[in-house]
Each structure stands twice: as C-alpha cells, then as structure tokens.
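Presented below are the structures under discussion, each in the form of structure tokens.
What follows is chain A paired twice: with chain B in the first complex and chain C in the second.
What follows is the complex of A and B.
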C-alpha cells in the first residue's frame, strides 16, 4: 500500500523537482540530464528578464484569469442555482442542450469565433481582436461550471431558502445572502478550476491576441522554446515563475477545494 | 440589508473594465488596419520565430532600412513556429484579414499549403525580386502558378559534422569521410564504434529528417513534381534511403533519442561521433565549448546506387511572405530592399547571427571567409555557401508532413522487421493516396 503511494507520489513530484532543479542549471546541463541543483539560478533569471518582458505577460495573464474567474463565479453559479431551485418544464431540455455543447471541441468553434470577433472589432475595438476582453468573453462560462454548480446545489438545504423568504428577502437577496455564503467550498473549488484553466489557456489567446504587449504567460513560454537552440535553463525559470500564482491560489484554497470536490455543505 | 450590492456590483463591473480597458496598446493598430485598402500604409507588422535567429535577422534589416526610411514603422512580433501556423490558418480560414501581419515567415516544407489554399492572401513579389537571384532549390517552395511569392531566406543546407578525435582513434582522416556515400558512412561508423565505443549518430526514429535529406540529395521527394501525387512506391531513391536507414539501426551505430533536448545532449556529451544534419545545428554543437577544435564539417554523404545523388542536401529552411493586407507595398519594398537584394546585410547576418542566406550575390565576402576555431580553423560558412548552390531542387508540395505522419508509423514496422521494404513503400503509397484524395 505505502509502496504504491510512495511510487505515485514520486511520479507526481518528480516533474516539479526537475523543473526547479533545471531552472538553476545551464542549458547544456539540462540537456545532459543533470539532477543536482546548480548555481545558475540568478543567471537564468537575469537572462530571462532581459530577453523577454515576463512581468508584463504575468500581468496580462493575471488580469485575464482574475476577470474570468470573477465573472464565471457570478454567472455560472447563478445559472446553476436557477436550474436547480426554480421549476420549469423546459429546464431539463435546456440543460441537456447546454451539456451537449460540452461535446463540441474548441477547435471547431475557433474559426467562427474569430470571424465574429473580426466583425466586433469594427464597432467596439475594445472588445475585438487583440484585446484581453476578447480572451475573457468566450471563456468565462462553461457548461461544465454550470453543471458543477447545479450538482452542488442539489445538496443545498432548501429549508434555508424558505426561512429567508419568511424573513422577507428578495430572490436575489436569497442567492447572495444565503446561498453564496453557504456554498463557500463549492465556490472555492470552482474558482480554482476556472483560474487554472484560464491561466493555462493556450489556444484561444494564441489565436486572438496579436501584439506582444498583450501576450499571456503560456504564449511567452511557447515562444521561448521556439528557437533552433532553445535555452532550457531559462525556459524552466519562466515555467517556475508562471507556476507560482496557480500554486498560491491552490494552496490558499486547498482546504475548501477538497471539501468542495466531495460536495459538503456545512 | 442591501450591502451585498455595494460589493458585488462594483466587483463585477471592475472585472469587465479590467479586461476591456487594458487593451489600449494593441487594438488601435488592428482597428486601423481594417476598412478600406491602404497599400502604402507606413506601419507594418512582421511575424517570425526564434529570437536568436530570425528575429535577430529582422532587427538588423530594420535598423538598416530605417536609415533611409525614417517614416516607416516596423513592428516585429515573435511567435513560435507552430503558433504562427495556427494563427495564420485560423485568420485566413475565417476570411477576415484583421490581425494578420504584413510579412510572415513560413517554413519551406509548409509554404505550398498556404500558397495554394490562399493565393489571394499573399502578394505576388515577381515585380520586386527575381527567383534567379537566390539558390535554385528555393524556387520550388516559394513560387506557385508562375508567380514568385516568397522572398527566400535561410539556407537549410546540410553538413556532416564529425568528431575528428574519434575519427583519428579509428584510424581515419578527414579525407576518408569527405564526399562519401551512406554505405561508407555505415562502415566507418562501425569502425568508430569498435575503436571508441561511441555511436556514429543519434536519431529519433519518429523524426524522418535523415530520410528527407537522403531523398533531396537525389532530387527526389515524397511527392511527384506536381506536388500532389505521392511518390513512394517504385521510387528507387526512396527505397535505397529506407534500406540505408534500417542498416544504420541494424549495424548498431545509432544512439536513440526521443526529443530535441536528447538529440542535442547526445553530441554535447560526446556520446556520438557525428551529426549529419542542417547547418542550423552549428550553434548547438558549439554550445559545448570544451569540444572546441574537435569538430569538422564535411559534405553530407550521398546515395550510392542512385546515379544523380550528390553530396549536398537540405533540411528545413524558411522564406518570407508578404500578405495582402494594408501596407503591402511598404512591406514589399522593405523586404525587397533588405532580404531581397542587400548583399551587405547578409554579411552582417552571418557574422553577427550566423544566418546563412540563399542570396547568390551574398555567397562570398569577408564574413564567409572567417575561419572558425571551434571547427579547427575550418571556413565552415564558405563551405556551406558552396554546398548551398549544389542542393538539388525538389517540389515539397502540399503534403510533406501528412505523408511523414503515415510514414513514421510504417517505418517502425520496417525497423522492427515485421514488414519488408516493398510492403512498407506500397502500404504508405496506398494510405497516402487514400488520405490525400
């Protein structure tokens, strides 16, 4: 049992270990497979910051990931709550259609979406091609998130809502003052999922963002590895830096995340 | 009671504002590039990959051009090659020219896909440059339908990089490996392994670059001259190349690798005696400074039984393409003035960056005559420039990578002995024909 667990732990920890160790080594040592920490941590950091503007890319990624997460939490949870709490004959049909949309691969949507944003650019350049808003808008709600909130809402005690209504809360008031605080763990889990997906999102930002000032972190890392002679030490340094925010978000919300995934309501 | 509103509404609003307002820098350009045509627009955008190579080359050209054209603004945008392909495909496919650059770098193997699928999207450069000014083999990928679209850029000319110290230990001199054929290559490889214990070369069995090099040395390709019909079954050069590829593995002189970093590591760590590949590997070879003086570059081996095979071939290489979006005339002028004709620029490109161009007028000069101590004082660039002129011209056509996907699976069957060479060739041909209809 413990043998298996340690093996699994090793398999999941090793890439992180390798990443951190490699960020302290020269490119030549990385390709040779050196597994000992080196002394080039600062060199790599210096090379990285002088060759690309990683902080601006971090800023762009943060801006996009945070806006996406806030909007997603608001809209997906309202939708999930609505689907579960309110009665309507059509709701299951609508929900099935919504779930079906999960099955369309993003690659199929990319060209029409791009076309659409091309048109939008003519009228509202702030939401058009090559803007962070264009990255956020098609990605902030997903059928999965709505599904996730609906499933969690199934375990939400409706008596609380009844009690709230008795005390004269409006429907929106019920949602924000009773539902939202009770479902903290679900929000935490959903926020982590959304934040990470947005932070690591590659395909759509790649297509829609053009100018270097708007570049996000995954695009920047992809560029670093594009050379005929890539500097692996420097790339690993960039990856270490880009991992820090997701790691932070995860560790801060870890307790709630685990609780949210198993679906507990306090 | 209502204080949730005080927090939530501003929060939601600020989330939107945050993403919407910050687009300032980029969107003004794209917005301006829409609308009615303005071919002489003075601001152009160029996409390329590799900061140390193509981007550095662009910066040099931009600097030179700016002296005489202070009114032109050139934005150089760095994107990985695969990313450029993805972005171009999406942009061109969606039929909107918004967000597309004025000039884009495209790998020669892929160029025809774009030129044939979207000929109107690219500017015909026949009025600005002449195909004859560049290495002959570059005309294949960069032109279509009698029009010269691309401005040929770097040479992918191959060399046979060899460790002279291992060669000596096995009792050979450089002369014994100069202008040889691949059969001799394998024999020498066996001797070197016996004498030093080192493998002759390193290969990733999923990357068929070596097969491509062998094929082009004989003026042959996966596709026939028309660029569409698969040319596998019954292709004698292809058969010889495949058989050689297998005998290398059978002779046990190949160190396996599975990706680029292992490939580089194999020669940086001194585990292999030679690297037969494109000249773009030079910086990676030189990265291991402790091996200085121990390397030499000789012409790539040729095929023994294919009569027209020569000791020169090509691997990779790219060219510039001007797109039909606003500013195309400015962009065409910039490209023609710099990469299209400026021999002096190519001297600088070589001495400062190590870019080996394909402009014929630039193939001589001081920068090319510099001896390189890492290669024992050999004038490697002068040699590469000479070999560039000897590379046979082939039409890479539309399906180089599509056929290679089929082929790499089939080659595994061949290497492990479950199929013979004719079966592999016939099956690849049949699959390619079915798939590329």
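What follows is the complex of A and C.
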C-alpha cells in the first residue's frame, strides 16, 4: 500500500521538483540531467525578463482572471439563486436548456465567436479582437457555475429570507444582504475554480489575442517552449513564476477548493 | 416572458404567501435574477452554434462566403486528415480514460484506509498536478520526454531500455507520451471525487459483509463499485468530453506531429481556421462532428450506467 502511494506521490511531485531545480540551473546542466539546486536563479530570472516581458503577461493574465472571476460570481450566483428560490416549471425547462451548453466543445464555438468579435471590432474596438475584454466576455458565464450555485442553494436556509422580508428588505436586498454573506464558502470555492480556469485558459486567448503586449501567461510560455534552441533554465523559471499564483490560491484555500469540486457532483 | 410569468406562481408561493399582485411581482423578479445569465449563454453559446450551422453549409475564405449545400459534409467523409484526427482522438479516449479512472479509484481506495499514515501528504501530492496550467505542464513533459531527456536517462540507468525511446518523434510513442501526460495531470483531480464518494459510504455495510465472510476483493466489487456508480458516471462523462476537446497538450508537446500522428479534432479545427487558409465553413462542419460525438457518447454512458438506483 505504502509502496503504491509513495510511487504515485513521487511521480506526481517529480515534475514540480525538476522544474523548480531547473529554474536555478544553467541550460547545459539541465540537459546533463542535473537534479541538484544550482546557483543560477538570478541569471535565469534576468535572462527571462530581458528576453520577454513576463511581468506584463502576468499583469494581463491577472487582469483577465480577476475580472472574469468577479463577473462570473455575480452572474452565476444570481442565476443559481433565481432558479432555486423562484423555482417554477418554466424556469426548470430554461435551466435544462442552459445545461445543454456544457456539451458544446469550445473548438466548435471558436470560429463563430471569432467572426462575432470581428464584427464587434468595427463598432466597439475596445471590446473587439486583440483586447482583454474579448477574452473575458464570452468565457465568464458558464452553465457549470450556474449549476454549481443552484446545487449549493438547495442547502440554503430559506427561513432567513422570510425573516429578511419581515424586516422590509427588497428581493434584491435579500440576495445581497442575506444570501451572499451566508454563502461565503460556496463563493470561495466557485471563485477558486473560475480563477484557475481563467488563468490557465489557452485556446481562446490564442485565437483572439494577437499583439505581443496583450499576450497572457499561457501564450508566452507556449511561445517560449516552441523555440528550436530552448534555454531550459530560463523557460523553467517562466513556468515556475506562472505557477506561483495558482499554487498560492490552492494552498491558501485548499479546503474550499476540494469542497467546491466535490459539491458540484452531489 | 408574459406567458411564463403565471407559471412562476406555484413555485414562488411557498416563499411568498401574500396577495396575488405580489406573487405576480415575485414571478417577474425570479426571471430578472436569471435574465443576465440566460442572455449571456444564449449570446455566446447558442447563437454561435446557429452561426456555425449556417457556416457549415458555406464555403470560401474570410468574408467571401457562398452557399455550398452539403458539400462540406461530403468532404468530411473523404477527408483523410479528418479520419486521422478522429482516430487519434478515439485512441486517446479508449486508453486514457479507463486507465485514469481505474488509477483514480485505486488510489482513492488506498487513501480511504483508516489506518493509513501521512494521508494528507499523499492526497495533496497526488492532487498537485491538477493545479498546473495545461500549457506549463505540457512544456515540462515535452522536455522530460525529449530524446536526451531525463525520462530516457532514468530508464537507461535502471536498465529497462538500452537505447533512448523517441517519445516525441515516433508516431506510436508520441501517442503514449500524450496519454501519460494527460493521465499525470488528471488522475489526482478525479481521485478527489472518488474519495468524497467513499467517505459517504456507511462503514456498517462493510462490517456486515465481513461478518458474512466476504473478502476484501469481493467487498470492492459488490459494495464499493455499485455505490460509486454515480461518481464513475460523472468522472467518465467529464473525462470523455475533456478528451474529445483535447488541444493544449497536443499543441504544446508534439504540435500534432510527427506527421499527423497525434493531431486531435480540436487541433484540426484550429488549423483549418487559423493555420491553413481560414476555411471557416469546413471548420464549422468538423465542429459539428464533435458536438454529435459528444452527444452520442454522453447518451451511451448514461444508458450503460443504467439504473440509477443501484
């Protein structure tokens, strides 16, 4: 038992170990298979920052991931709450139709969305092709997240709403003053999932973002990695830097993260 | 919207026992809560799919599109490249999804053992790959599996192989590399679902089985697997959908090569639209083929999983 688990743990952790160690070694040493921490951490960092603008890519990714997360939380929780609290047959039908969108692969949406944003560019260039807004707009509403909030709302104590109505709160007031503060853990889990998905998103930014100053972290890493004479130390440094935000989010909020994933199946 | 408001009455009445006009008002309020989400999903999922359907009957490049009847669909059946992409995608699906699900279940059963020490460490370690971005881990794997990479070196040091395996440039091994990579990334992620499922199983069922003399293996097949059925269904459907959309890994580890030995359907759609001559019409036709495959496979999996009461 311990043998299997140790082997699995080793295989899972080894690539992380290798990428961290390699970010401190020179490219030649990495090729030779050096597995000990080196002294070239700063050299690699300097090489990286002088050859690509990693900080601007980090900034773009952060801007996109944070705005996606905020918008996603608002829209999906309003809808999940609406579907469950004001439940009706007609709304249940609408809900099942929304769920169908989960079956649509992104590759199928890519071409029509690209053409849509092409047209938008003519009228509103700030939301058109090659803008961060174009990355955020079609991705922040997902049926998965609405489903997730609806499932969690099933456990929300409705008596609280009755009490709030007695106190004369409006329907929207009930949502913001009572539901939102009560459901903090649900929001935390949903926010982590959304942030990670957005931070790591590759296909849509690849299609819609064109100029180098707009590129996100996955695009930058993909470009670095596709070179013919890669500088391993430098690329591993870029990968380590890009993984820090998601690793931090994971370790700080591990409990919510797992609760969030599991909550979606129940 | 007006016709549906009356239907909202019964559902909302239990939270709002008041006069009729008020009930009518909450009906509208309920729709307002969901309106934004409905508009967004309609605009960015369903409307584009209608556009794609129209496109799939057209041919041309950029904005010069003209009607092509079922030409694109006929082309699909004679397109060798499409056939290769579909075959590759199904090879990934048939090998990777079962291997990963069995591994995820196996590790979750081991981790669920009450006497296990360092449980938290093992769980976090096995889950860790799931926090990496698909692009980042793909690049790491590309280098680890390079001809002079660490994986070959390690295998040669412990004398499993005598010459380096061409993990990336051999058509067979390139597929193996992709399968290994995806399994590494997603096993821990799926394991978490099984762990939560196992924790919900009442321990007294196992005790009763032990008293009846059922072996550990027997208990696993007669109790654990049937009770985990909903989770097996959930993980296999999400993994199937994920694999049918496979893009990031293939794009970054092998670029679809060598030749087209690792190209997937998603990558083919991307190439048709943005790498070759912007053949949006035909790309939309290929897109619809994945939609149809996903619907059929999800349907089969629901049927196979069968009676939900088990």
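Heads up, the rule we're going with is that the second predicted complex is superposed on the first by the 242 of 266 C-alpha atoms of A that agree within 3 Å, B and C clash if a C-alpha of one lies under 4 Å from a C-alpha of the other, contacts with A are read in each partner's own complex, and residues count from 1 in each chain.
Operating definition for what follows: a residue touches a chain if its C-beta (ideal position, glycine included) is under 8 Å from a C-beta of that chain, and two chains touch if they have at least 3 such contacts.
Source: prediction; values computed, not measured.
Taken together in the superposed arrangement on chain A, chain B and chain C clash. In the superposition on chain A, A:111 makes contact with both chain B and chain C.
In the superposed pair of complexes, A:136 makes contact with chain B only, with no contact to chain C. When the two structures are aligned on the shared chain, A:101 is found in touch with chain C, with no touch to chain B.
Shared-chain residue A:207: touches chain B and chain C both. Shared-chain residue A:242: touches chain C; no touch with chain B. When both complexes are overlaid on chain A, the residue A:66 reaches chain B alone and has no touch with chain C.
By the touch criterion defined above, A:167 lies against neither chain B nor chain C after alignment on the C-alpha atoms of chain A. In the superposition on chain A, A:33 makes contact with both chain B and chain C.
Touched residues of chain A, counted separately for chain B and chain C, are more numerous for C. Of 166-174, 184-192 or 292-300, the segment of chain C running into chain B after the two structures are fitted on chain A is 166-174.
Across the superposed pair, chain B and chain C both touch chain A at residues 31, 33, 110-112, 114-115, 203, 207, 222, 225-226, 230, 232.
Looking at the complex, you find that chain A touches chain B at residues 27-28, 30-33, 51, 60, 63-64, 66-68, 70-71, 74, 110-112, 114-115, 118-119, 121-122, 125-136, 173, 176-177, 203, 206-214, 219, 222-223, 225-230, 232.
Touching chain A in their complex are the following residues of chain C: 4, 7-12, 15-16, 26-27, 29-34, 36-38, 40-41, 44-49, 51-52, 55, 106-107, 110-111, 113, 116, 121-122, 124-129, 131-144, 148, 150, 153, 184, 188-189, 192-193, 196, 230-231, 234, 241, 244-245, 247-248, 251-252, 255, 265-266, 269-270, 273-274, 280, 283-284, 287-288, 290-291, 294-295, 298.
The part of chain A that touches chain C in the complex is made up of residues 1, 4-5, 8-9, 11-13, 15-16, 18-19, 31, 33, 75-76, 78-79, 81-83, 85-91, 94, 98, 101-116, 137-138, 140-141, 143, 146, 158, 161-162, 165, 171, 175, 196, 199-200, 202-203, 207, 217-218, 221-222, 224-226, 230, 232, 235-236, 239, 242-243, 246-247, 250, 254, 258, 261-262, 265.
The part of chain B that touches chain A in the complex is made up of residues 1-2, 4, 8, 11-12, 15-16, 18-23, 25-31, 34, 45, 49-53, 75, 77-83, 86-87, 90-91, 93-96, 98-99, 101, 260-262, 264-265, 268-269, 280-281, 283-284, 287-288.
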